[in-house]
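Chains: A, B, C, D and E, in written order; residue numbering restarts at 1 for each.
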Amino acid sequence: MDDPRRTAADLGTDHCRRPERETVAHPTNQPVNNQAAPSIDGGGPRPSRGAASKLLRAGVLAAALLAACGRPARERASGDTKPPSPSGLVASNGRAVATDGQWVRPTGDYAGTRFSGLDQINASNVRGLRLAWTFSTGVLRGQEAAPLYVDGTIYVVTPFPNLLYAIGLDGTLKWTYRPQPMTAAQGVACCDVVNRGVVYDAGRLFYNTLDAQTVAVDAATGREVWRARVGDINIGETVTMAPLVVRGKVIVGNSGGEMGVRGWLTALDEATGKVAWRAYATGPDADVLIGPGFHPFYPQDRGRDLGVKTWPGDAWKIGGGTAWGFLTYDPELNLLFAGVANPGPWNAEARPGDNKWTAGVFARNPDDGQAAWYYQYNPHDLWDYDGINENVVVDLTLGGRARKTLLHPDRNGYLYVMDRTSGEVISATPFVHLNSTLGVDLRTGRPTENQALHPSTGKVVRGICPAAPGAKDWQPSSWSPRTQLLYIPHQNLCMDYEGVEANYIAGTPYVGANVKMFAGPGGYRGLFTAWDPVKRRPAWQLTERFPVWSGALATAGDVVFYGTMDGFFKAVDARTGRLLWQFKTGSGIISQPTTFRGPDGRQYVAVLDGVGGWSGAIVAAGLDARDSSSALGMINAMKDLPQYTTKGGSLYVFALP
Amino acid sequence: MRSGAECRLEREALDRERVGGGILRLATAGARVLLVAAAFAGCAPGRGDAAQAGALAQGNADRGARLIRSYGCTACHTVPGVSGGETTVGPPLAGIAGRAYIAGVLPNTPDNMVDWIHNPPAQDSKTAMPYLGVSKAEARDIAAYLYTLH
Amino acid sequence: MKREAEVPRSALHADPAEDARDLRRLERTWSPERGLWGWLTSVDHKSIARRYVATALVSFVLAGINALVMRVQLARPESHVLGPDAYNQYFTTHGTAMMFLFAVPIMEAVGIYFVPLMVGTRNVAFPRLNALGYWTFLVATIFLWASFYANVGPDAGWTAYVPLSGPQFSPGKRVDTWAQMITFTEVSALIGAVEIITTAFKQRAPGMSLNRIPLFVWAEVVTAFMILFAMSTIATASMMLAMDRLIGTHFFNPAEGGDALLWQHLFWFFGHPEVYIIFIPATGMVSAMLPAFTRRPVFGYTAIVLSLIGTGFIGFGLWVHHMFATAVPWLGSSFFTASSVMIAVPSGIQVLCWIATVWDGRPRLATPMLFILGFLVLFVIGGLTGVMIASVPFDLQMHDTFFVVAHFHYVLIGGAVFPLFGAFYYWFPKVTGRMLGERLGKWNFWLFFAGMNVTFFPMHFLGLLGMPRRVYTYSPDLGWGPLNMTATVGAFVIALSVLVFFANVARSLARGAPAGDDPWGADSLEWATASPPPPYNFRYPPVVQGRAALWSRTPDAPVVTGLRTDKPEILMTTLLDAEPESRHVHPQPTIWPLVTAIGLSVLLLSLIYTPWGLIWGAAAVSIGLIGWGWPDHHRGARLEERG
Amino acid sequence: MTRPIRVLALALSTAVLATTSACKRETREFRGYPPSANPGSVVQDVPLAPGPRQPEVTARSPYEHNAYAVSEGKRLFGWYNCSGCHSHGGGGMGPPLMDDEWIYGSQPENIFETIAEGRPNGMPAFGGRIGNDDIWKLVAYVRSLSALDVPQDVRGGRDDHMQYKQPEQEENPTRPKRSTLPPAATQP
Amino acid sequence: MTLPLRARRWAAAAALLPLAACDQRVQSALDPAGPQAERIRRLMVMSIWIAAPIAVAVTAAVVWAALRGRDSAHVPETPRADRRMAATVAGLVAATVVVLFVWMISDFSAIRSLSKLDGRPLAVTLVGHQWWWEVQYHDSVASHQLTTANEIHIPVGRPVLVTLESRDVIHSFWVPRLHGKRDLIPGYTNRIWLRADKPGAFRGQCAEFCGQQHANMALWVIAEPQARFDAWYRAQLQPAAAPADSTRIAGQKAFLGNSCVMCHTIRGTPTGGRNGPDLTHLGGRRTLAAGTLPNTPGHLGGWVVDPQGIKPGTTMPPNNLRPDELRALIAYLEGLK
């Protein structure tokens, strides 16, 4: 559906005329949505069915739409010249949504580009952007969610207690859904009680509550359709991620890598909430859903039951490998790209071995969950370098060859360009100052560890860069097909790290490390980088006082939006990085900005403020900065944040006057 | 072997030490020295006649002392004459020969004692004292030793 | 005053009445004031040294009681006389007190008493400083024992290895009391060292050139130099430990880049010389006593002096042999093995010289001589086991076992306490004017000798059988019971012998035979004055004509005259040949050392609780120092008045 | 010689008396207090009452002024993963403990109850998993973090770990503040 | 004047007597079971053979010197006599130097023979804790690594490279029948080579004062033929068998429902405590509480309920269990072979 080749070509254009878009965007005319099938079926709960037939139906419909839209004017990517495959046609459907001016899932499209084809707001007029209205969510913890826009309604999910608001484009509250998660869940949420968003599909909204439930809510009425308990908070499982709905399945992963949980990725039936499959990150192949179709590129990932053999004793049962990042999907290959988080505990001495299948990425078939390939960014992860960062589905021409690639800015500081068909690393280039590794060996696919910074129990190792949150944490980047740049919001943090004995007690933290973070070289803590994956260097780079903990948003107007933790919502020139406009919000921003076009034809930009998350816990949870190990050591780097911002939690909607 | 009085003295000394009075501590140090001097002077054995006790329980008291240690009775009971920790899980067995009841449930007869040692939960299902696999014969030896503890 | 009569007539006043007045004036000038005030302000080296000895003996007895209680605990397996917590305090306090509060100070104290007498001067070089040294030592003693009896006794071993003694594993103030107590004793020991060096080098009687200095004085001088270097090291170390514990530095915290082994290096760089700081004065005592009991000078004066100096140097080069088990590289440990073996050579030279002295002399088996003979036997055994554990492989097996306990008790009791007890018998008449009883003395010796061997010889075997030291209990299955029981019996025999000693002292103080000036017919200058010596030591400081000062003295030997009697004047002489150089007016008794010591105590004790103690204490110390240094223009007048 | 000895003895005994108060501070109590009591029997909730809850106490904290217990509490704080949520007093997943805000009360019995019974916003109930005696040690340590009624000289030393906070001895005592409503009550 | 000698001899005899009677030599440096301990024992014997005659000679010389001149007239100090004596002393000093040199050379040769053993070693990491030992066996396959406690099983004849680490204070690893000691120092990683040349159980004990329970911090090295060792290793790799009978099921419930889980691990159950020893195969160990108690149900029961009575100050808290829970727990733990 969201074939990035096509998005690359199409989204920059405005050749599809607006009235058509508006028509298809009307709620009564649902097929424009990514999952085209439901309305063809006549609405209602769609039964789960064979992938092939669904694909076909979607494809046919999408082809029609594509024809209506017309061919893109500017053909940039080579892929465009290829005859459209069925899946490619489906992908175009997704593009249609994006260009259409709606925003139905946090990642924007399946490819995870977070690119909007809207260009009403552009580099020349963004200076005139005005606040349209605000809406207080009433929850003062870290707001990491993306406001969705579907058919004249904005949907916002708050952190715990995970309220879901439907707000009209004039700012009126339409309804509120209260899932009432268990309060105890707050006690096992490692890094603030955040929620990363809700996803819309076929008239329903799907999201996860902190106490590990997935709920489906009727988008029109706010009534609960189903609710599925996917995890158990008593063993430390929470869910904070935004699910992905693909091919009739709601894909959910757990959080709790710091609590000694066993990570999993689960597909729930979109209609009923029943578990379709669950793929664990550790354990025997049967649990990980590794079968005959599994063909990892690198030899160290081949072998039976590596999810057990690369762990001592029972450690794999509490070995982490959660999946709390943004998932992306390539309809053409029918592959879901799901990052796997760090192994637990942080103290690596408790888990000698490569600790598969953690700190890497799985390509899975969303229909049955079977793994196609796997790549481990950080074998035997030493520093909490989760592999959950987004894998943006982009096609690039590399060395004269068109490649189907994934762009993955990893926490370890390398920007990976990978072949998404095979899992081969094409290039891995540092995009931030780092010293924890000395490069990635492309032959073996393994990073070369810096032995001098190898942590051990009872020994403080100083100056490890990047720090535990990595060069870039969850905050999603955005790819602009117009500029061919990846806009990465990230941080420049280093840390002192000491391993301590990790003691597993179910339901309590299982970390085993004392950490103390501080700004990396340069003294600034935040960076916003426009990265050219072909030339493997930054096009431009901005520095910020605090980590840029918000997502990025690129638009066809060649404007890139992001927010800062000291509460500025910024628009910068996509080609130069020049600051074009900024707005001071009530609290720091750590959420994902989105943009959409309202029924009135105006382009809106929406963002939530409300500082929090791991980096903002000092404000959101009122931590005491005298203890530099608070919030897993993040506090030491954020001691001055309370001087710049306070708690908040409001939706800001901007538009040109 | 120290007399019961001596043990008591010593325990009192210990208690005082726990209380931790400064001058008391000096005094206890002195008391200890005297105690040991007394011990070396050759105090009377603190136990009754082993042969008599053995006859009572039809066992061998010396073997019983060894069994008490090897089965770990001393992990819960303080048994005069058998080395072990200062444990207070079960009652101290000093003077058990003169007690009316065993574990508060059985009259203190040699047979009951042997049965109790052999399998305590069988005598009282609520007891914390576990079945240790002590055979009847061994239990008789142990009982023989215990009956030397007047 | 017999010897006074031998003073050449030329030195005396022509008028006997004037002479008597002059003597009275001299006496008034040097005597402390009367009453408690006089006691508190005294700067006389003899009274201060007596206090040192008395205080150190209190610690000896208390630490000995600790040892007895520990021996009782260990006499049988799994006994419950002491719990682990108490036992750890007992053995730590035992070791600490024996080393820091008994052995080192008493050796220095004997030096403070006898060095001025032996070099023929009237007081030590810095008498007020000397008083300060004692007061700080007294505070240290009270402090350690008070905290022990208050259940705040240090419990990390007298070596106080980090991290065990660090902030995380030694909660409370137990180790802080230890560290600060060490600081106190360091202050006092360093003061004593300065006194002894200066006195021995600048205040010798005319004619006592370097090669005529008595061996005891040589030993004290070498010791004093060792103290200067060793004590400053431990001062650094204990300060670092206190800072780690108090203000969160990380000198010894391996996690933050500190080093747990650094402590051991610093400690043993002090700790090994410490053994020689205790042992060398003891050898000096032996050399001082031998002539009197063999009726000939010690054989090989030069060899012994060079051995002492050699020991002083080599003593600093073998500390790592305490640390072989920490995995020192083989090459490095070989070096330390070699130096540890090498130090046996100077010790061996001394032992051979002493045996030669006895061999060639006419031994008189009085109690001091018995202790010397006992010393020779025990010290040789201790020395031989010392050479054994200097070997890396041997040490790897026997380090931190009872073998080592046996070894160092042989060295320290045999090598230091035996000569010291001999010295008590030898010098008691000089200090008190009364002889100690010979019969009880012989009991004392034989009980001590027997007890010592019964206690410590079995410990060699305990070590070989695998018994580690510093264990509060052991399993009966290990078969260590009988040997331990033997050792405990021996400990009580030692205790009995010490009781006999104190009975002897008590008896002698009450009704001992009067000693006279020189009961032993000895050769050194302390016997050239009355027993006990008058406050001014010598009415006319002697002039030395030979190495054995008294034996070589000719009937018409000259004396020093012309020192004023209305002012406390002493004669300063040159370093090498002791030519008269200048007269020096001596400070008067004063309360300010005590005030300063109290200030210092405020500083060091409050530092246990808060870094602000440095500020408060500094203020308190400055009060003392200001008073101390306040110019006293009326002193002369006051002296006149008293005169 | 007798006079100095007398003075010495006098000084010694005075010092002994003066430091006797230190005994309690350094006493090491190894067995439980009481040796074997059922968790939860020590502190009981009261029925509904206005204002902050004041649990009924049947046993007083035995370890408020004991250096060893505080240090043991510090060890257990790490061992039982308290530090996982509360870090070393600064908080994280759980609220900070070294500040002056005490959501559920700052009295020893309040803290005991918090540990034993848990609190609705995520504090697990450790009663039954941690013995009463250990809980009291934890209470003593937790209170020492903000220097509540804990003499300076019994507070735990720093860990031989990373220096993650100022040495505890330097902390200025903070005055407890009680929030009358737990955050759970304020949530929609 | 022969008394001091006699006294010393008597002491030695008294000391040797119980030694001869003692058959408990599990921890004796005099009964080596490995090449290094044997080498050290030879050095010890040699040292004693050098030292004993010297001690005897000196004692004899002292006694003789003290007695011979006692009644003689004063021997005048003549330069000649002094020279003769000086020559004698110089000769003896020279002899001392020679003896010491020979002694030292033999030390050095012993040092050389201790440093490394030939052959592919079994790699074991020993981690010292207050007051127990954590034993980790290494393997290139992570899942074949093994963690156990207080007992090191080794194959007979194969060198073992023990890596020594500490998590708290300094400890010292000492198994006298195999080798000398080597410290476990926080911040340092030490190594020691061992080899047992005959099967047997060799007791070792912490030899560096490490706090309250230094005395009760022992461990056993158990040397077995390779085949038995392999079997043991394979068995240890297995998780704990699920309890079969009702008592043991109740025991497991008691284990999981009480404070045990805060510190201990039993593989196969949802426990992962690392503060205390791994108990997965507790029932197969010789001793409890780091060599303090024989592993019998009675000792186990007392230890679980009242560890502070047996090892005062140890880190294990007293446990408050219902009587039936206690009995079940004992059955469960003893069943973990």
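In the analysis below, contacts are C-beta pairs under 8 Å (C-beta built on N, C-alpha and C of every residue); 3 or more make two chains touch, one makes a residue touch a chain.
Bear in mind that the values here come from a model prediction, so they are computed numbers and not experimental data.
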Chain E and chain C - chains in contact with each: A, B, D
Contact pairs, highest-scoring chain pair: C-E
Chain separated most widely from chain A, comparing mean CA positions: C
Farthest chain (mean CA position) relative to chain D: C
Computed distance of Cα centres, chain E from chain B, in Å: 31
Chain centre separation (chain B, chain D; CA means) in Å: 38
Centre-to-centre distance between chain E and chain A (centres being mean Cα positions), rounded to whole Å: 56
Where chain A and chain D are represented by their mean Cα positions, the distance between them in whole Å: 42
Chain B: positions in contact with at least two other chains: 20, 22-23, 26, 84-86, 88
Sites on chain C at which at least two other chains make contact: 83, 85, 146, 149-151, 163, 168-169, 254-256
Sites on chain E at which at least two other chains make contact: 168, 186-187, 212, 261-263, 275, 306, 309, 312-313
Contact set on chain D toward chain E in their complex: 28, 30-32, 35-39, 75, 79-80, 128-131, 133-134, 160
Touch list for chain E against partner chain A, complex: 138, 141-143, 145-147, 167, 186-187, 239, 261-263, 265, 267-268, 270-275
Chain C residues within the chain D interface of the complex: 36, 39, 50-51, 54-55, 58, 85, 138, 142-143, 145-147, 149-152, 163, 166-174, 245-248, 250, 253-256, 432, 509, 608-611
Residues of chain C touching chain E in the complex: 83-85, 88, 156-157, 161, 163-164, 168-169, 254-255, 258-261, 294-297, 299-300, 303, 325-327, 330, 333-334, 337-338, 341-342, 344-345, 348-349, 351-353, 355-356, 358-365, 369, 373-374, 376-377, 380-381, 384-385, 387-388, 390-401, 446, 449-450, 453-454, 457-458, 460-461, 463-475, 477-479, 481-483, 486, 490
For the chain D and chain C complex, residues of the former touching the latter: 1, 3-5, 7-8, 11-12, 15-16, 18-23, 25-28, 30, 67-68, 70-72, 152-154, 156-163, 166-167, 169-170
